[in-house]
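The same chain A turns up in both complexes below, where it pairs with chain B and then with chain C.
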Partner chain A sequence: MRVALAVLWKDLLTEWRSRDRLVAMAVFALLVVVIFHFALPEGTGRQIASNAPGLIWVAYVFTALIGLNRSFSQELENDALSGLALAPGERGWVFLGKAAANFTMIGTVQAMTAAAFGLVFDLDLGSVALELAAITALGTAGICSVGTLIAAMAVRTRFGEVLMPILLLPTLVPVIVGAVDGTEHLLETARIPFDAVQLLIVVDATYLITSFLCFEYVLDE
Partner chain B sequence: MNEISDRDLELSFADKLDRAARPLGWLLAVLAIVYAWTVAMAPIDSIQGPIQKILYVHPPLAYGAYLGFVVTAFGGMMYLWKDQENFDRLAIAGAEVGLLFCTLMMVTGPIWARGTWGHWWSWDPRLTVTLLLWFIYLAYLLLRAFGDAGPRTARFGAVYGIVGVLLIPLNYYVIEIFGSRSMHPENLERGSLGDGMGLPFLLGNLTLGVAFVWLLVRRWQVENLRAIAARWGRPEEDLQ
Partner chain C sequence: MRDPALSRPPDTALSVRARGIEKRFGSFSALRGVDVDIPSAHLLVVLGPNGAGKSTLVRIVAGLLRPTAGTIEFGEAHPEKCRNVRGQIGFVGHATMLYPELTARENLVFAGRLHALDNPAERARELLAEEGLEAWSDRRAQTFSRGLAQRLAIARARVHDPRVLLHDEPFTGLDGAAAERLAERLERLREDGRSLVLVTHDFRQASRLGDQALLLANGRVAYRAEAPLPSASELDEISRHEAARA
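Take a look at the complex of A and B:
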């Protein structure tokens, strides 16, 4: 557990000093929101409101791809990845620290994206902010668990940046289905839907346990 | 000395696979002729017409596709556990043969769908799950192709194969609960096939089942020979 906390602290501190990943993700997320406006020129009012859960999760997933990829590509410099592999104890704890750091950074950008989305498309997300944060956190936990595992593999292949979304997106379907369904019900009824939350918990637990156990074979010296 | 005995061991395993594949090949040839004959002689469906005969190909292809993906995950898990390259080669063979069956299923399905449902594609749960699996195993093969030749890529492949097979029940559950209504029949119950349709359907399953095993064994053998050639040079002379 101490290894996980150390890796989390290291990643957050590195990011605090450089701020490159957060800035890149934030700018990208804002651009995606702007692109939605042009992609849906008639998309004002009711049309945007009915498509908002899907659109916002598309922005979240694409933004997460950037963050996850960078999470391990920065470890390639000076062969820092080998140093991580030498951490004492199971390598699953390194995974947990990395996934937690990704969760924190992606979550921060998601909060900003949701605020921008609500603002420019005139959606009242503030009244369900806490519930929306809970569903987003559950969805992001799924993205970050399997995403961290896949990023650790993709970064050490040729065309890693291209391979990353090809490997990751098919595995994210259960997360996207649950998260979009949950967000949709929340925006319609202002209540957290039990079915979607239950699904997201099952998917998160499956991905977390699998990734924790498999990371031993992914991280090598 | 050890180098030579390792090579002999690998060659002897490739030879065993070859000896297993030969009778399977003959069996497949005989079955394929009988199967083609029974399909040709099977009655034509009064509502769907000749297009219904895709039934004798499509479900058996689906079983082969799913089986290939299970073989990939099994090979990957065994490789991680036992650290024997042969299991990794089995996983590659499973993924390639599974992907071939899956592709053929994705080709025959829309042709049948167009004839019976009136459109090429529907977001039916089973179709969607299969499409996602097709993408996952395509990604698996890309991961193998873009990685370095060696144990690291084999481990990556094993991990991704395990994640991929986990998605079969997960995606199915998700899409069944949250997705659109299924257009596929729940199952083929006893007596649901018309007179004269049972035998070609049964033979279709048998023939494509044997074809799956034959292709898997041959592909596994090729992967073994490739590894031997990469490590010790071409082995044809030894096999003759």
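Take a look at the complex of A and C:
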């Protein structure tokens, strides 16, 4: 656990000083929201509200891809990845630290994206902010657990930046289904649907445990 | 020359034994059946021309690369059966393994935390003092020259006080004083019972420091020698001869 906390501390500190990932993700997310604004036909608030869950999760997923891609490419600089690989004990703790750092950074950008989405499309997300944050956190945990594993696998390949979305997007289908379904119900009824939460918890746990165990072999060259 | 009767404290001793190490990258064979023995309190010098397989060999011993064939044992432990073997290995590679945005101190503290040290900040302070980097301890690694970064990388490799230390061309970028300090430290570590590997093109240091020499050419062991090693000029001549034959 101390290794996971060390990796989390290191990732957040380096990001705080460089801000390259957060800025890239934030700018990209804002651009996606603006593009949606101009791409979608003029409609009533009700139509926009029905499309909002899908649109907001599209923005979340593509923004997360940028952050996850960068998550391990910074470890290639000076071959710092070898330093992580030489850490004793279960390498899964390194994975957990990286995944937690990704979760924190992606979550920060998601909060900003949701606010921008609400403003641009005139949606009242403030009244369900806590519930929305809970569903977003569950969906993001799934994205970060499998995404961190795949980012580590792809980083040393020649076409890693292309390979990563090709590998990651299919595995995110159950996460997206649960998250969009949950967000849709929440915006309609102002209540968190149990079925969607149940699906997200099961998928998150499966991805988290699998990734933790597989990470031992991913760090080998 | 080192006194063979020097005591070898059991808590610092760990021998390395590699047998039949092969490594293929696609159709290219980087290593072809290499055997290596590094008893504790010994320094093995690995020599050879560029592309001979020296770095591949040390990365395999470090556990960073899986061999295509062959086995490596540390003392009684097979590395795949004992993850904690990684905690006994220190590695200085071609790259520094440093994070440019972190200061020298933070890089060492992070490495110490990865190795679950009880007091990584204190250990970082000790190593910075030993390497003469105290004045740079709060400067980010991205501002370091090649030589300063190399000194910090060497400190980083020792943060967990490993029993096996692998150095892949550690003298690169070091000035005369820093190179001499490193050579003296390698001698001290050996006397303390550590198993050491030094990959180098510096025949003078190889001849001075080594207990054994291994010359690789084209992925094979072309020459072996035990202490007392040949002189630097003899090693140079042997190296040229074997490289030409390969």
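Of note:
Heads up, the rule we're going with is that the second predicted complex is superposed on the first by the 218 of 221 C-alpha atoms of A that agree within 3 Å, B and C clash if a C-alpha of one lies under 4 Å from a C-alpha of the other, contacts with A are read in each partner's own complex, and residues count from 1 in each chain.
One rule holds for everything that comes next: a contact is a pair of C-beta atoms (placed from the backbone, for glycine too) under 8 Å apart; a residue touches a chain by one contact, two chains touch by 3 or more.
Computed from a predicted structure; not experimentally measured.
Contacts of A:Arg158 after superposition: chain B is touched, whereas chain C is not reached.
After overlaying the two complexes on the shared chain, residue contacts for A:Leu86 are found with chain C alone; chain B is out of touch. In the superposition on chain A, contact is made by A:Asp195 with chain B only, not with chain C.
Legend: residue contacts after superposition of the two complexes on their common chain; A:Thr210 is shown touching chain B, with no touch to chain C. Look at A:Ile166: by the touch rule set out above, it reaches chain B but stays clear of chain C.
With both structures placed on the common chain, the touch criterion links A:Asp220 to chain B and to chain C. Judged by the document's definition of touching, chain A residues 220 lie at the interface with chain B and also at the interface with chain C. Of all residues in chain A, only 146, 149-150, 153-154, 156-160, 163, 166-167, 169-171, 173-174, 177-178, 181, 195-196, 199, 202-203, 206, 210, 214, 217-218, 220 touch chain B in the complex they form. Only residues 59, 62-66, 83-89, 91, 93-102, 106, 110-111, 113-116, 140, 156 of chain C touch chain A when the two sit together in their complex.
Those residues of chain B lying in contact with chain A across their complex are 80, 132, 135-136, 138-139, 142-143, 146-147, 152-153, 155-156, 158-160, 162-164, 166-167, 170-171, 174-175, 177-179. Considering their complex, residues 2-3, 5-7, 9-10, 13-14, 17-18, 77-80, 82-90, 220-221 of chain A touch chain C.
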